[in-house]
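These are the structures, in C-alpha cells.
In the two complexes below, chain A is the common chain; its partner is chain B in one and chain C in the other.
So, the complex of A and B:
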C-alpha cells in the first residue's frame, strides 16, 4: 500500500512538472506581451502552429531542433501579424488576437490532413531527456526533477531571466513603463512602438515553443487541437500569477498539477466520470479570473493602442 | 537682468483637424527669466510648448535655441538640449516608486543592469543642490499631488533641464501648495533656470513672472514686461474685452422652501467610526442660491450624490418640492425638475465615447420630442445639439464629434448647456466652472443668475470661494461632513476661510 501510494505520488509530481511546461511557455509569452500593454489572445493559435510546424520539421528532417526552429518562426510570424495590426493599424487587440487563435486551429488541422493521417511511420523525432548520469538514480528527486527534456529546464531558466529583466534592468523598467503609461515612457525617451513590437513577437515565439514542447517531447504526433485550450488557460495563469513571472510559474505548476491529477485519477479508476476530472484545470482557471487571488493590478495601459500626435 | 535671447520661435503654425491652433507665432524667451504664457483655454499655449518639447510637430516655422536652429524636436532631443517640461497631467506612473519614475529612460552606468544605488546618489545630489527633500522609495500613488509635482520638477532638473516649462502647474494644487511651488520656482530661477509658465490665472502670473506673453485664439496678442503692465490690461488682452468682476444681483423675494435636508447622515462603510456626512440639515427656498463652501473632499461629493438620488443616506430625510424624495430614483427627481451638474464630468457628466448630440440628450432621450414611439428622432436631436453648441459656444467642428475629443472646458459647456436647456426648477450645481476660462466662467455665472431670476432654486457646491461669494445669497460652510457655519456673501473672506479650515472646533 505505502509503496504503491509513493509511486503514485512520485508519478503525479513528475507529471505535474511536465504538464506545467506547455502552459508555462505561452503564459510567459502572454505576460511579456501584456506587460508592454498589448493583449495577446492569439496564444492558442500560436501554440498550435508551434506544435504543428515543430512536428512537421522534425518529421521531415528527422531533427527536432529544425522542427523547433520552424515552430518558433511560425509563432514569431503570427506575433508579427498581431503586432502590426494592433500596434500599427490599431485594430482591436481582442479581435485580431481571437482571429489568430481560431486561424491557428484551422490552418494546422488543414495542413495536417494534407500530409497524412497519424500512423507509426509519420512519427517525429523527439528530443531525448537530459542525461544527468548517476544523479538520475537518486530516489524520488531523480524521478521528479531529473527525468525531463531540456525544454523543461529552459522554461524554468526563462522565468529567472524574465524576472531579472523586468525588475533588475534598465530596459526592463522602460519596458514595464510602456505597458503602464506609454505617453510617460515616450516623454522619457523610450521607444514605445519598438518595445511593443518586440514584446508581441517574443510572445508569439514563446507560445509556439509551448506547442512544440507537446509534439517534440511528448507525443511525437500532431493531432488536431493538440493544445486543448492551454493557450486560453495561459491567460488566466497570468492573472492568477498577478503579472509576476514567479507568480505565473506557480500558477502554471498549479494548473499542471491539476492536469496531472486528473490523468492519475483516471488511471486509478475511482469511478468518477473522467469528464469531471477533465474540468479541474478549467474550473481553476475560472476561479482565477473571478478574483479568487484577491486584487490583481494589471498594467494600466493594457489593451489601449498608443497614439502619437 | 540679462537680455540674452535663449529661445526663439519664428512663424510657428500648427493646425488640427478643424482648428488652427497656432497662427504665425513669433516669440523670444530671454535667458534666466520667468516668462509667462497667458491665455484662455484653447488659446494655443500648451500646443506651442508641446511643439517645443516634441510631442507635436509644427506645420511650418522654426525654433532657435541659443542662437542655433533647433530641429528634430522629439522629447529625447529636448531633454538632451536641457528642456524639461512639467505637464498638466503628471508624467508619472502611479505604481512605480519615485526613484523608478525619475530614472525611467535614463541610460544605466552598467547596462543593462538597473543600478538603483548609483541613481539614488545622483538624484539626491541634485535634490540637495536645489534644496528639494524627497523620499525616493515611496510609490507615486502614496504621495500628495503637491509632492508629485515636486518630483516632476526634480526629474527634469536631474535630466539637466536649464529651461523648465510648466503647464498650468497650479490647477491641481491647493493655495498653500501653489505658494510653495512659487517659492521653489523663484529659488530655481535664482540659480539660473529659465522658466516658461503657462497659466490662465492673472494673479499668479503677476506674482511670479518677469515677462508675459498673451495668446488668444492661436495668435500672439502681445508680450509685455510685468513691471509695465497691470492685471486689468492683461485681462483685457486675454479676453479681448473688459471682464466683470462683480455681478449686480436682482432683488428677489425668496419663495417657499423647495429643498429640505433633515438630519442627513452617511456612514463610511470602510470605517464604522467615521461619518462622511453628519447631521446635515438645511433648506433652500425658491429663487435662492445657496452656496456650499469648503475645501475639497469634505463631503461635498457625497452630499451632491445623496441629493441627486445616486446614493442613499444612512439616515435622515430629504424633501423636494414638498414631497419626501428620500427613496426616489435619480430619474424620478429629474422628471420632477431637478438638474444636476456633477463635478466629475468625465465619469458622471458625460459618456465620453458618445457624440456631442447624444450627450446633449442623455437624461431626456426617451421623452418627446427626442423619441417617438421607440425611435430616436435624429433630426430633432441634431437640431437641439446644434442650438446647444451655438448658444453655449462649444468649440467643435461638428456635433458628431465624440466628447472625449473636446477640451475639458468645452466638455463642461456641453453639460452646462444640457442642464440649463432642460426644463428645471431646481439646479444642483457642483464645481460648474472648473477648468473653464474667464469668458466661459462669466457666461455660466450669468446663466445661473438668470435662472435665479426666473425663480429656479439653486444649490451651488464649489471649492472656489470667490465663485460662491459672488453668486450666493447664503453660504453654508462644510467641514468634515458637517455644516459648520452659515454666513452671507458680504462676510469677510478670511472668516469663511477659517470656518473652511475647521477653526470652529477650537
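So, the complex of A and C:
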C-alpha cells in the first residue's frame, strides 16, 4: 500500500471519529429522553439553536465556552418546553417536536440575518484541539485518536457515564423504570414527573451541544440549517444502537464513517455526482430503521403520557 | 359529563355553567382557543421585529398591504394557498389513516419532477390533455416517493416518520442533481430545469394577478378527498385503521390495502401540489423550488384540526403570512425566516392548547399522536 492511500485511510478514520460526534450528542440526548418514556422529536431544532447560540456567544465574546454555555441554555429551554407540553399538557410529542424543529430553523435564521455582515469578520473563536504533547506525534494513532478537541473525548466519556448510570446505579434503574412502567415506578416511590422532566431537559442540552460542536470546533461560522437533518438521523442511530449507550456509540461511529467516506470520495473526484454522495447518510439512516440488525425492543411506556391515579 | 347532569337541579355555579356551555359548543371554543394561540404567536413575532429595531406596526402594514391590499397581492396569496392546501391535505389524510407523513416536502418536489418531464418533453398535445397528463404524472411521482416509506413500513416494519423525513433530504439532493444535468436545458448557464411548454401551463383565472386554475382544482380536490374519507367504505376503513389498528384487524379490514390506499392518496396529494405549483406559478424547477411548503402543510393541518373547513382557513392564513412576510422583507427589511418562527410557534401553541379542549371534552389523547 503506498503512502497516498495510507494518508487517505488515516484521514478517513480521523474524520469518522470527528463526524460521529455531532450525531453522538443528540443521539445520547434522545436516548435519555426515550428511556424515560418521552419521544424527543425536537432534536433537530435544539441542535440548530445550539449551533447558532454557540456561534453567537463565541463570536461576540471571543470565548467559545460562553458560546457553548449559551447554546446549552437554549437547548435546555427548548427541552423544558417539550417537557411541559408532553408531560404536563400530555399533547402530541411528535407534533410539538416538529414545531420545535420549524421554530428552531426560523429563529436561528432570523437572528443570524440580523447580525450585520458588513462590519468585520464574523468568525467565531473555535475550541482548540487538546494538546497531548509528544504523544500526538505517534504515527497513525496520534493523528486518528489524539487530534481532536475536548468535545470529542467528552462525547466518549459521556457514553461511559450514561451506561454506568443506566445499568449500575439505583437512580439509573429508577430512571429506566419510569420509561418501562411508570405506574409501578410511582408505587415504588419514584418521582415519575421529575425524572421525565430532567430527562427531556438534559436531552435538549445534549442535542444543543451536538449543534455547538459544528460551529465551535468545525466551521466557525453559522449557516442556515447547518445541522442538515442530523437531529433526525440521531433518532435512527438510537434504534440501530438498540437503545443501549454502547450500541448508540457504534451506530454514530458508523454514520460518522459514512459521512467521512462521502467527504473523502468528493475530494477524490471520481466523477460521482456529489449529490449522490451527500445522500449516503440519509439512505443509511433509512436502512438502519429497517432493522436488519434484528428486532429492537423500545422502552414499554415510550411516548405514553403518565396519569397519576 | 354524567356528574354534571346530576347536579342540574341544584343551583349551578358560574364555572360549571361555563364548562357546560363550552362542552355544548366545542367547535366554537376550540376555534377561539386556536385564534388565541395564533394571536400569541403573532405577538411574539411582533416582539422579535421590535427586537430587530424595526417598527412592528410599520411591518404589519406591509404584511396586510402585500398579502391582500391590492389585486396582485390578493392573487398571489391565493396562489400560495394552493401548495399549502395540498400539503396539509396530504398530512391530514395520513394522520387520519394512522400514518405519519412528514415527507410532503420531498413528495411535492418529486411531483414537480414528474410534471416537468411530461410538461416539457412531450409536445403536440391538446392543452387540456397535456395539463391532465402533467397532473397525473405529479400524482404518480409523489405517490411513488411516499410509497418507498410505505413499503418499508408495511413489509419491513420500519418507522415511517424518520423515513419520510430522510426522503425529503434525498429528494432535495436528487432534484439538485437533475437540474445540474439531466433535465437542464443544454444552453442554460443557470441550474434550472427545462421550462414546461405553453400547452402544459395552467390558465390565469384572475387577470392582472398570478392566480391560476390550480386554485379551483385545489378546492375541488379538497371536497373530493373529504368525501372519500367520510362517505365511502375505503375512507371508513382508512379511518378505522388510523384510530385503532387492532380493532380494524378484528373487524376484518384489510390493513395492508387500507394503508396502501392512504399512502397513494397522501403522496399523490403532495405530488399534485408540486405539479400545480410548477404548472401555475414557476413553470420550471429551480433550487429551492418548494421553500418549505411540506413543513408548512403540517402546521396548517394541525391548526385546522384535520377538519376540512379548518384546513381551508388555516391554509389561507398561512398563505397570508407567507406572502405578507415577503412584503415585510422587501419593505421593512424584516428577515424572511421570521415566517418559520411564527409557524413553529403556531404549531406548538395550537397543539398545546389541545390540552384545554381535551380537558373540557374529557377525552384523553396524547402520546406520539
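Criterion: the second predicted complex is superposed on the first by the 303 of 309 C-alpha atoms of A that agree within 3 Å, B and C clash if a C-alpha of one lies under 4 Å from a C-alpha of the other, contacts with A are read in each partner's own complex, and residues count from 1 in each chain.
We adopt the following convention: contacts are C-beta pairs under 8 Å (C-beta built on N, C-alpha and C of every residue); 3 or more make two chains touch, one makes a residue touch a chain.
All values derive from a computational prediction rather than experimental measurement.
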First (chain B), second (chain C), both or neither touched by A:190: first
Partner chain(s) touched by A:181 [first = chain B, second = chain C, both, neither]: first
Which of chain B and chain C A:171 touches, first, second, both or neither: first
Touching partner for A:136 - first (chain B), second (chain C), both, neither: neither
Partner chain in contact with A:242 - chain B first, chain C second, else both or neither: neither
Which superposed partner A:114 touches (first chain B, second chain C, both, neither): second
Winner by number of chain A residues touched, once chain B and chain C are compared: C
Residues of chain A that touch chain B when the two form their complex: 167-174, 176-177, 180-181, 183-190, 297, 300, 309
Touching residues on chain B, where the partner in the complex is chain A: 50, 53, 55-56, 74-76, 79, 85, 87, 91-96, 100, 103-108, 111-114
Sites on chain A touched by chain C in the complex: 39, 41, 45, 81, 85-86, 89-96, 98-110, 113-114, 224, 228-229, 232-233, 235-236, 239, 273, 275-276, 278-279, 282-283, 285-286, 289-291, 303-305, 307
Residue ranges of chain C touching chain A (in the complex, touch as defined): 48, 52, 100, 102, 152, 156-159, 161-163, 165-167, 169-170, 173-174, 176-177, 180-181, 295, 298-299, 302, 335-348, 351-352, 354-355, 358, 364-369
